[in-house]
Each structure stands twice: as C-alpha cells, then as structure tokens.
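These notes concern the structure reproduced below.
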Amino acid sequence: MKISTDQISALNKKQEDSYNSELDFLRNKFAKRGIEVDEIIHKVADFQVAIPSWALGAGGTRFGRFSFGGEPASLEQKLDDIGVLHALTKTAGAVSLHIPWDIPSDVKAIKEVAKSHGISFDAMNSNTFQDQPNAKETYKFGSLSNTNAASRDYAIQHNKDVINIGKELGSKSLTVWLADGANFPGQNNFQTALNHTENSLKSIYKTMPEDWKMFIEYKPYEPNFYSTVIQDWGTSFMLSNACGERAYTLVDLGHHLPNTNIEQIVATLMLKGKLGGFHFNDSKYGDDDVTVGSIKPYALFLIFNELVYGMKNNPQNPDLSWMIDASHNTKDPLEDLLQSLEAILIAYTQALLVDQKALKNAQQENDVVKCQEILQDAYRTDVRPVLKAAREKSGAAVDPLQAYRQFGVRKDLIKERGTKTMATGL
Amino acid sequence: MKISTDQISALNKKQEDSYNSELDFLRNKFAKRGIEVDEIIHKVADFQVAIPSWALGAGGTRFGRFSFGGEPASLEQKLDDIGVLHALTKTAGAVSLHIPWDIPSDVKAIKEVAKSHGISFDAMNSNTFQDQPNAKETYKFGSLSNTNAASRDYAIQHNKDVINIGKELGSKSLTVWLADGANFPGQNNFQTALNHTENSLKSIYKTMPEDWKMFIEYKPYEPNFYSTVIQDWGTSFMLSNACGERAYTLVDLGHHLPNTNIEQIVATLMLKGKLGGFHFNDSKYGDDDVTVGSIKPYALFLIFNELVYGMKNNPQNPDLSWMIDASHNTKDPLEDLLQSLEAILIAYTQALLVDQKALKNAQQENDVVKCQEILQDAYRTDVRPVLKAAREKSGAAVDPLQAYRQFGVRKDLIKERGTKTMATGL
Amino acid sequence: MKISTDQISALNKKQEDSYNSELDFLRNKFAKRGIEVDEIIHKVADFQVAIPSWALGAGGTRFGRFSFGGEPASLEQKLDDIGVLHALTKTAGAVSLHIPWDIPSDVKAIKEVAKSHGISFDAMNSNTFQDQPNAKETYKFGSLSNTNAASRDYAIQHNKDVINIGKELGSKSLTVWLADGANFPGQNNFQTALNHTENSLKSIYKTMPEDWKMFIEYKPYEPNFYSTVIQDWGTSFMLSNACGERAYTLVDLGHHLPNTNIEQIVATLMLKGKLGGFHFNDSKYGDDDVTVGSIKPYALFLIFNELVYGMKNNPQNPDLSWMIDASHNTKDPLEDLLQSLEAILIAYTQALLVDQKALKNAQQENDVVKCQEILQDAYRTDVRPVLKAAREKSGAAVDPLQAYRQFGVRKDLIKERGTKTMATGL
Amino acid sequence: MKISTDQISALNKKQEDSYNSELDFLRNKFAKRGIEVDEIIHKVADFQVAIPSWALGAGGTRFGRFSFGGEPASLEQKLDDIGVLHALTKTAGAVSLHIPWDIPSDVKAIKEVAKSHGISFDAMNSNTFQDQPNAKETYKFGSLSNTNAASRDYAIQHNKDVINIGKELGSKSLTVWLADGANFPGQNNFQTALNHTENSLKSIYKTMPEDWKMFIEYKPYEPNFYSTVIQDWGTSFMLSNACGERAYTLVDLGHHLPNTNIEQIVATLMLKGKLGGFHFNDSKYGDDDVTVGSIKPYALFLIFNELVYGMKNNPQNPDLSWMIDASHNTKDPLEDLLQSLEAILIAYTQALLVDQKALKNAQQENDVVKCQEILQDAYRTDVRPVLKAAREKSGAAVDPLQAYRQFGVRKDLIKERGTKTMATGL
C-alpha cells in the first residue's frame, strides 16, 4: 500500500471547496497586526510529528480489546502505515520505535523502507514495564528502582541495548518511561527508590553517544496505583539535572493529576532549558490516550501558545521531539492519527496567530480582559484554510482524512494483511 | 488443597498473644454506653462476603500482567480457593460467578464442590463488555445500548442465559455491569442510548424468576473514556425504578469521580429502599481495584457507618449482597483477599461500636465537635480482638493470614497446579 | 448612564471590518447541508440570558476582595448596568434578583426602570446560606434541612416571602440553592437531612402560584466541605419528582466534581422533562465562577449541543431559564459579562451548525471518526460573523466590548457613583 | 482566662478510666519488636506545634461567616487563647504571627505575655494577598511577581518589615505564601512572572539574618483560578535552590491537586534537605482547611511515617516548623484546635510504632503483603493511652477537650470579651 504524489495531486485538484477566499480574508485580517499568514503556512508545512510504532494497531484496556482488520504485523508494515500518513499529510515524517517490539532483523533493509517513505528515526523507547518471555530478571517490583540490584542492572542493560539499536538506525535520543512505583503504602521506600533510579539513569546517560539526548518521562499513576517513582515534572527535572546537560524532561499530556496547569509546566521547563520531548494525546479522566484535541482543544492551544513562545524566546531550550502517544480502542488507528495530526496543526497555527506584541502590552498593563480577547481571537479563528494551503504546498492531500477514505486505504490493507493480524503494542 | 477444622483449631491453640484481656477492656468500656461487645462478636461472626470467581488469579493493567503460580484453571479450583479462604475466615461463604468465564460443565458436581466448602452462589455476573470467540454480534460499540438492535438482542439473550445458569446453581440475583458508552463526543446520542438501555434492562427484568433481584451497577468511566451510559447512582436509580421493585442499584467503591461522598449515596439509596449490592475495593486515583482498606480506611468506616445505620433503620431496603471486587496485580490473590476481608470486618466492627444514641443527640444539638468525637472514638478503637473472638467462635483461624502462610497454602497450590496456569479474569 | 440606539447604530456604521463576505461564505457552505444560516441568525438574535443582580460588583474569595469603581449601590443602579449590557448586546434582557439583597422599596418604580431598559424579571433567588442582621434564627447548621424546626420554618417562610416579592414584579419562578450540609463526618444524619429538605421544599412548592416553576440547584461542596444535602443531579431530580410537575433541576456549570460529563446530565434531564434552569460560568478547579468559555469552550459547545438537541426534540421539557452566574474578581464586571455573553452565543451558534442528520446517520453506523468530524466541523467554524449579523439586526452593537470601551462606560459610572460604592453580593 | 497547673492535675486525678492497663499492653506488645513505648511517650511529650494567630476566630468562606462569641480582639488575647491550648495539651508552645494582622504595639509587653504562657515565636507570615487600607500599591494583579516594579518593591519591603518585627520578637523564620497568579489564560506571562518571583525572593532572602530560614509555600489554585506562580513543590524547590541554603519548601496539606501523593513529596524533599515547614489541616475537595485528621487520617499517618523516617535518617534536613493551618467555620476554634492537636499526636505516635527494621526487610524482599501489614498494624493500634501518658507526664490534661468543656473556657471567654468581637483572619 503506497499512495503516490500523482494520486494526491489529482485528488487535490478535484477538491470542490476552494479555501483561497477564506485564506485571503485571514491574510488581510492578520496582516494589519503585522502577522504574516504566509510565514505561518511555511511553518505549518515544516512541522513534523513522530508516529510511535505501537500506535498503528487497535488499542485496548484491561477489560479487553476489539481487533481491527489490516493491522501491521511487522516493522516494515508499520513503516508502510506511517508512509501512508506521511504521504497524506507530509507531517508524519518520523517514527519512534519501541524495543523489544520493534527490533529490526535487517537494519539496512529497514532503513531503506523508511527512506522510501521519507521517514526518519526519532526517539527510541525502552520497555522495562513488562517481562519478556525468557527474561532473566523480573520487573514485577520495578526496574531502574528495584530493590534488587540484578533487576536494576538488567533494566540498565536493556536501555543500553536500545541505544545501540538506535545508533544503527540513526536515532539521536532515548525516551525513558518508568512504570516503577508501588501499589500499596509501605511497599517502597521512597528515598531508596529515588536514589536507585537516579543512579540507574546516570549509568544509562553515561553510555549515550555525545550527540544523543535522554528524555525522562513522568506520570502520577498507572500501572501503579499508590505511587510512581517519577511522579511529576519536579522529580523528572531533578533527575535530568542530576544526569547532565543532555537529559531533559518529557511531557506527556495525559500524565497529570486532574486540573493540572500543563502549559505552566511547559513554560517553566523551557525557561530552564529542560523541555526535551512532548507526547500528544487527550483525556477527560486519566491517561485516557484518546485522539489529540478531541476533549480539550483549548487547553491544547494554550499549551501550544507556550511552546511557540518558548521556541521563539528560549534559545536555551533544544528543539523538541514531538510524538503522538494515543490508543485507538474504537477507531481505525490511521484515521485516528489523521485526526490527531489535524488537531495538532490547528492548535499550532492558532498559537502562531496570537498577537504577541499586543499580548505583552496588555499583560504589562494588567488589562486582563484584553489578554483574554487576544488569545480567544486567535483561537476562534477558523485556521483550516492555512492547513490546507500548507498541505497543498508540501504535496500532501488538502483533506487527508477524506483522501484516506477515498483511496480505500483500510480496505486495501485488509486485503493485503487479512483481518487477524495484530500489531504489537498495548 | 483443603484446610481442616482440626488444623485450624490446633493452630489457634498455639496462638501466643491472647486477645482476651484486650477484649475484656473493650467489653467494659463499651458496656458503660450500653453497647454489648458480645452482640457485636456475634454479628461479625455472621457476616459473609462473596468472592468473585475472577479474583483468584493475578490481575493486570493494559500495560501487562505479571503471573503468579498456582492459579486456579477451572471452576472447581476456583471454588477450592474460596474454600481455603472460607476455612480460614468463615467470612467468605459465597461465590459470585461470571459468565461465560464460569459456565459449569456439570452443574451437580459443581454444587457438590461448593457445598463441601460451605459456599453458596451469590449474584451472577453477565459479560457484555468483551466479544467471545465466534460471537455472532459485537459489543465494540455497546451492548444493551447499541444502536444496532441485533447487538442489543444478543446482549439481552446473554443475560437471560446467565439467569438460567444461575437458577440451576441456586443463585437469586443478577448483577449487570455495562461498559457501554463512548470514547468521543458525538459518538453516542445520549438519549437514544439511555432509552435503549432502559428497554433492554426491562426485557431482562421480566424474565427473572420472582424471587430474583437485579443489581444495576454504575461507573463514570473506563473502559469508555468520554461517557458511560450508566454514569452515576442517579442514572442507576432511575433505571431501577423503571424496571420494577426487585431492581436495585449496586455501589462499587471504585466507580466514582474524585472526592465523591459515597456514604451519602449509600444513605440515600437505603432510605429509598434501593440499595441492592455492594462491591468492596479501594483506590487512590480511579477504579484502581486495590485491597479493601489499603488507601482510605476511614472512608470505608464512614460507609459502614451508613450501612449499619440503614440495616437497622431501613426495613424498606433488602438484605445486601456483599462482594469483594479487586484486582491483584502484585500480591498473592488469596493473601490480598484475606487482607480485604480483615479490613471489611474491622470497618464493620468499628461502625457497630458507634454510640448511635449519643450521636443522635449531638446531631440534634448541632454539637459538631462531639459528633466527630463519637465517630472517631469508634474508629480509633483497636477492634482486632473482636475479630479474633468472632473467628475463634466460628471455627476460623484467629489470624487467617498468618495461618495461610504457616500452612504453606500457596506452595501447595503451585505443587498441585504448576506455575503456568492462568485464571480467567482481567 | 444610558446608551441610545442612535449611538450604537452610529458606531456600527463606523465598524471597519465588514463581516459580510465571511457570512456569505458560511451561508454557502452550510446551505449545501441544508443548514440555513439566516435562520440561525434569527435564533441567535432571540436568545436572552438573565443577569443576576449580584454579578454587577467585584467578586472575591475568602482571601479578600479588590474593589472596583462605579459599582451599583442600589437595585435601580443594578438595573441600569444591565440596561447597558442589554443595549450593547440585546441578549441581556432579563434580571434575576436575590432576596434580601434586592428587596425593592418601590415596586412600581423598579418595574418602570426595568421596562425602560427592556428588562424582564427572571427567576427569583432566595438566600438561606447567610444570617441577616437581626435574623431570628440561624442558618449556621442548615436551613431547609436543619435539625431545628424553627430554623427550617424560618427558611421556608423566607422562600415564601421571596415568591411574594417575585409575584409583584412579574417573575414566574423561584431558584432554591441550598448551602446545607456538613463540614465533618457525623455532623449530619444524611437521611434526616434529606427528609427535612424534601418536606421543606414541598411546603414551599405548595405556596407557589400555579404558573410558577421551582428550580432546585445542586452542588457537591462549598461552603460545606464534607457533604452537601443536594449534592448532585440525582438528588435534585429525586426532590423535583417528590415536589411535583413544576419542580425542576437547575444545572450550574461549576457545581460538579472533577471531570463530570455535564452534557450527559443535561441530555438525561431533558429526556425526562426535568431540566428547568441553567447557570453559566466556567472553571478549572472547583466552583471558580470565572468568565463563561474562558477555560473549557469545547465543553460549553458540547453542552449546547445537547441543549439545542433537547429544545428541538424534547417537548416534554419546558423552556429554559438561562442565567450567567460568575464572579468578577479581577475584571470590570460589565466587561466580564460581555465576554460571557459572547462565549454563550458562540457556543449556541456552533451547536446550531451541527449537521444533525449526518450525525444521526454516523451514530447509527457507529462511524466514530465521522461523528467527531461533524461536531468538530461546527466547532472549528468561526461563527463571529453570525453573532455580528444577529446583533446588527436587533439593534445591538456589532462589537459590544469595543463599544463599551469606546463609549467610556466605566469612566462615566465612576463619575456618577464614585470609586467606593460596593454592590451587594459575594 | 488562664488555666493553672493545679486545676489540671486535680482534674487528671478525677479521670475515671485509667489508661494504664492498656498502656502496659502496648508496652509489652511492642517491646517484643524492640520498640520502646516509653521512649515514644517521651517524644510525644516533646512535640510542639505552632498555632497561627489567625486560627483563633471563626473562619468563613466567600459565602459568609458565622460568628462565634468570645473571639480574641487583640494580639494579647490571641496569646491568651494559645495559652489555654498549651496549658491543656503542653503541645501548643508556639505562635506563628501574621503581619499586618498582628503588629505588636508594645513588643516587650507581648513577649512577656507569651513567656507567661510558655509560648515561643515560630515562623512569621507576610501578607501580600490583600490590600491594606491606605496601601500605596495594589496586589490585585500580584505582589512579588507583579509586572509593575513598584508593586513588587512594595511587597518586598513588606516582607523585610515582617522580618524586622520577627527579629524583635525572637522568631527565626519567614514563611512566604504567594497568592500571585492569574484568573484567566493569557493574563500572565508565566516566564516573566516566575523570573520576577525568583528575583523578589532573592532580595528578601538577602536581608534575612544569618540564623533565619525562609519557607516558600506552594499551592495549585485559590484565590487565583487559572494559574498560581508557585503552583507545586517542584517550583518551590527550584526557587529555594535559587535563593540559597536557608531557603526551604513548606508543605501545606491542603495545597495539592486531587489525589496527590503527598508523602512521596515529603520524602523527596527531606532526602534533598529542603523540607522546612509543615502546615497541618485536612480536606476532601480543595484547600478546605478542616480539622486535622477529620477526613483522611490514614493519609496523615502515611505522611508522618515519612516525617519520622526523615527525622531519623536525613541529617541533611533541618528541624521542621510545624503549624496548624485550618479554618473553623462551624466549630469553636479552640475545640477544633484541640481536635487537630489530638489527631497530629495520634498519627505521630502511630508512625513511631512502625517496625522500621521489619519494614526494611519486607521491602527488600518485595513482600508487599507484609509491608502493608506492618504499616496497618501500627495504624490500627489504639495509641490514645500513649498520648494520655505523655500529657500526664508533661503536666497537661489527660483529656484536653473534656477539660476544656469542664472548665467552661468558652463561657468565660464570652463573659470576658462579649459575643461580638471578631478576630483578624480569613
């Protein structure tokens, strides 16, 4: 299954509703404030989000999983799926692999497949939250924080192995998400667990190539239901500082307690030069991992407002690794990812439309009403014409979801792969 | 694996620390207020909690499952496990089955096994949240609320089948837990889904034998992450009223939004004669399903305070079906259940110690400080001697967990069943 | 301070950016789906939201209050302020009074003032959460639920007095918000408190004129921090049913536990014909009472989606009483209310744009992706041209906030009233 | 109003129920594990908690306040009230003052009054969340973080003034609680606000005497409802590190998002030597500020378990400043404080009973069940005899609340001060 440039440009031509008059309107409106829509189109066209290899199959909950036909059964097929997404959007030009689910048997061949789709290798993900068949040590009671040195060493070695695989593929970063924690009060000594974790991370950090970065993820709960060793950004930030300059915090939108002001965390980390990666999804209750922007799109915009601000004003912070980290329990995974990519670009575009100069003035004068008006004006703007223009410019489909359906992608995938394949993942 | 009465009484005799002097102290202290500890011992000895058949294996999360040796591989073995719990505690004299996980191949034989352990058949549980292999209809988009009539009918018929199996076994009630809901705004028409659910429940209700009760469970989220058709007690209560006199609400402790005052819900339902069943577990974040009393024991006590009050003052409410509904991700399931039973009896005993007369007076006088003192006095009392006395009286082990370890139960189970069996469940 | 029609139309003419080309675009786009934008303009122009008399002064928290100049010091001045809002928007044509804060000394004169502004008298609000100077009974430990009959009677009589004042003014409904509850476990007997409340409400209900409605508000916590007698919609619904046909539940957006699915509650109540009133505000943490739409605009849209659906499909439900219930701690109250009115109309318009036929089909086919697309398409539309058209049509300012600032309203109010007046309220 | 030692010892003698047999039982039980109850009695007798000067009057909410007779109208009277608490408990031997509410007119005289009650001066509290009459600058839009330099300077100077008052009185620490934040998205530039705050704090820090400590409090929301500059421990920790060695984080139990694992924060801060102060209260929903231990006593125990562990194992962490920070909306403030002191000592005692050696072993072996048993065994112990012994030992009333009522303290205070005095506070 591969979608050609010709197919897409043919489809784009048939696109009935032209977006050009709307776009002109936006151009004029924002030009008056010194905001150039064409520059924004350029930025939007450049924006790339990594797709994790585990997001291409049906997700599930502890209560079960409803399968979906045509799931990719191999790393090659996963790359093909991302290739479809990238062809349709020109925004999905990277993959984030998960080891051991995605150990390439033939590195060179895999790199070829990726290259043919225009896909690069973003952050590598290690897995120390599940025991693999024939594992010599168990992570049942923790990995990098385990009271048992053998389990810690086993988990450290796994992370080093992941780095090595990543080096071969051309990745430049490692994301460490630790499920370590406790289900019951008393189970862990918090201080011991934290010390073990710090030492384990330092040991992994030291073996990273000099051009690599480490991203330390945090999460308050699940799969542990009493405590998690790296429970919040403060803990991750402390550990990043302990590890060194190239260790950063990674923010996953779903990894927060109810009502957390995530955009403030983003702003703080960028100010301190310590925001390294970002995982997109959305949620109403916990780490629900539903489609980006499907529940709280304004919160997403506010977060992007800080990201855009930081990217412009915080040279101390590195370029960010963007990734979608969602679960597709009741949707076709590829359609879900297309909806997520759309929501990300909408929020990004709206954030780029914020009149930063006017905002700064209003903030300085404590004109709270005006501050709100400025943000809402950007947010209430229908920016879909900008996305369409950006996509047409970069050779993507003007309306990727419509194109996906029109091309009958899922039907073809089922024909190719059958209805019973099951992708590795959660 | 079966533990004999002799083994237990022999062990009880060896029990080093006598609890009798403590018990006498409690007897005297509370007698002054007209509270007879011996009556309480009697009530505690009588209290029976059903064990669900799916709680005897290791639980898990969507991130995985760490197996545990000696898990029961058949319904007989599950009953044997409950038999162990009941022998040790004399509190676990009932089982709650889950269909299709526990369809008995030989009803008579199963009833014999249960009888030999002194176990009765409590509420039957249907499963319309998972598709079984070769299922003719799918529940992916709902069961009793599905927009598709064929799926609704399939789910209705399944519930009727469950009733029929229950009738043969001697059960007298059906618990309906619906996962139905939506992951995304717009997916469901709330009103249609509610109407379908009401009609489906009525259809099931009508086929119940006249001495059966129906328990309608509610839950705000998971496995659906945007909406759940029966999201709260109000919805369940409305549906119970629509179905008829023998339909009741079932309260599961973990099925509430953060900070919900559950004890008030319990009091309201008992006042209205509509509390039918109760599922015990504990949680810090969501439906964590951890050991009863391990996180919020005071909340458990406050709930029992309302239950005890209702059992005494609300003849309009039926006897309650009690069940433990927890998941055992990192503990030996039987040890976890023993800890849960202990916590339940402690809370129950403390609630029985509340000086209701004094409380009523203090409430009438709005002496808020004294109201609190009265509850806290009961709660701060170490009631473990009462539990020990109740257990010794009924032939159970004075210290069940200690006995379980001393008898080497798990070791024997592993010897019998091996390390690779896996119980049905979540 | 009074703004004339001439002033407004003169300003509208000067409005630089015409919204007509955008409006045409919307007209064409939605006409293709059978959605007539001009009908929507008509509906939006008709929509009226009551302003509560207590929302015209600076709000505060328990930590204090920062005053604002030109606050209204009398009922007349409050009506004048609402007159300004209504002149600017033609959407604020009603006031909701709070007794005893707004007892009119001269009913006839007050009615004249209101009439001169085009303002009608919406629901009356009673206050049994504060003790007035020289009160004969105290509400410290509750009002309609008090263990003390004298306090209950006092609160019942107060509500009857409020009805009488409302009758004279032409109001047709009473809103009962009860703060009753407990700060500590044990303080209240839940069942007694609920019974007292039901009886008190029935007694008030019986004295209502036959063309009046009663709205029963619910709230989980604050000002009581352990329990609240009417804690959720289920309790309010139960009490409404007990009182009679003209008793309804009132939903205040801020009165829910974290993550509550409010739109589902709205749908359920409308299906059952029991949604009577609606209080608008927004919040991130609790009952924050901040500007409508300032935190979770998509949730507001989803709620309006259910309201619009119910208004069309649920003839069993009465017309709704709409009110803004917010607190203005750091903004000019009138500007805050203008922003709230804007956010309400935006969400209402977006909900009117939802392609209900397509949505119904997608729901029937369980095309979850398409369901989401349909809602998001409406939500992502920039509907501000529709609001502008509706306002111009009805003689309001095309851009009310801009007009408010241009007319220098606040400056004039301060000149008239000084900087030290303080409006009654929270 | 002053209670003499003789009065107390006379009352203790009349104490009907001797606690000695229970105490002996505890002594024996715990001696077997190498835990000496008499050492614990000693520690409990030594434990001192500061009473804040604002906790001696009735509290309230934004909805109002119900007054209480006999409230202290002056600093002297506040000290007298604390004197009563200290005489009854020998645990309340310190006061924490709030400026400008407690500026002493005659320092020497105030020190005499305090000395006569055995009360020392704990941390000083500044107030930059309210504007005082005739204030030259406003804190409406922030204090240490204000965009306006004049407001920042004004707030900095206020803190310096507070230090100066504290120096005269003999205090050795300053607690900074900042309400600074925003009610609406866009209102604040997060990075600017954080930078301003850091600079302001550094400026205050520099003027502190060398034997003083600074405690930086954090809070997620209220009185600001969108963002708070110091929103969590991570931000406070970062600021403490920026200020210097003698700047520490202060944990207030009520200042956390729902479900936060506070005990883990405590453990982390003590490990890093950065936990300086601790504010006790309890809550179910937000910063409810209700009586300590009245809602989640097990959480309090778990926190004390970490505190006890840290006090023993973390020499890098300084001695802690303990304070009760609660609001007394419906209780006699002194009775409420007596209940809080009791709850604190109970949790402390239970934590001291934890068998640390056994716990460490069980943790090392990942015996999760046993870890839980060890904590629960301590928690389920009725430790009130230990408190009684500790109090009798130190000359306090064995049962302080009973003594308070028996001595008719409130009646006397009303006689002395009348029913209309109103203490400064919230």
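Chains here go by letter, A, B, C and D, matching the order in which they are written, and residues are numbered from 1 within each.
Note that in this section a residue touches a chain if its C-beta (ideal position, glycine included) is under 8 Å from a C-beta of that chain, and two chains touch if they have at least 3 such contacts.
Just so it is clear, the structure is predicted and the values come from calculations on it, not from any experiment.
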In this assembly, which chains make contact with chain A and also with chain C? B, D
Over-half contact-pair match to A-C, picked out of the listed pairs A-D, B-C or B-D: B-D
In whole angstrom, how far does the Cα centroid of chain A sit from the Cα centroid of chain D? 42
Chain A to chain B: how many Å between their CA centres? 40
Mark out which residues of chain C touch at least two other chains, giving numbers and ranges. 140-141, 183-185, 187, 220-221, 226, 258-259, 261, 284-285, 291, 294-295, 330-331, 368, 372
What residues on chain C touch chain A, complex-wise? 17, 21-22, 25, 29, 258-259, 261, 284-285, 291, 293-299, 330-332, 335-336, 339, 346, 368-369, 372-373, 376, 379-382, 384, 401
The residues of chain B that touch chain C in their complex are 140-141, 147-148, 182-192, 194-195, 220-221, 226-227, 231-235, 237-238, 257-261, 263-264, 267-268, 270-272, 298, 302, 305-306, 309, 313-314, 359-360, 362-364, 366, 368, 371-372, 374-375
So in the complex, the part of chain A that touches chain B is made up of which residues? 59-64, 66, 129-131, 138, 140-141, 179, 183-185, 187, 220-223, 225-226, 258, 283-286, 288, 290-291, 294-295, 327, 329-331, 426
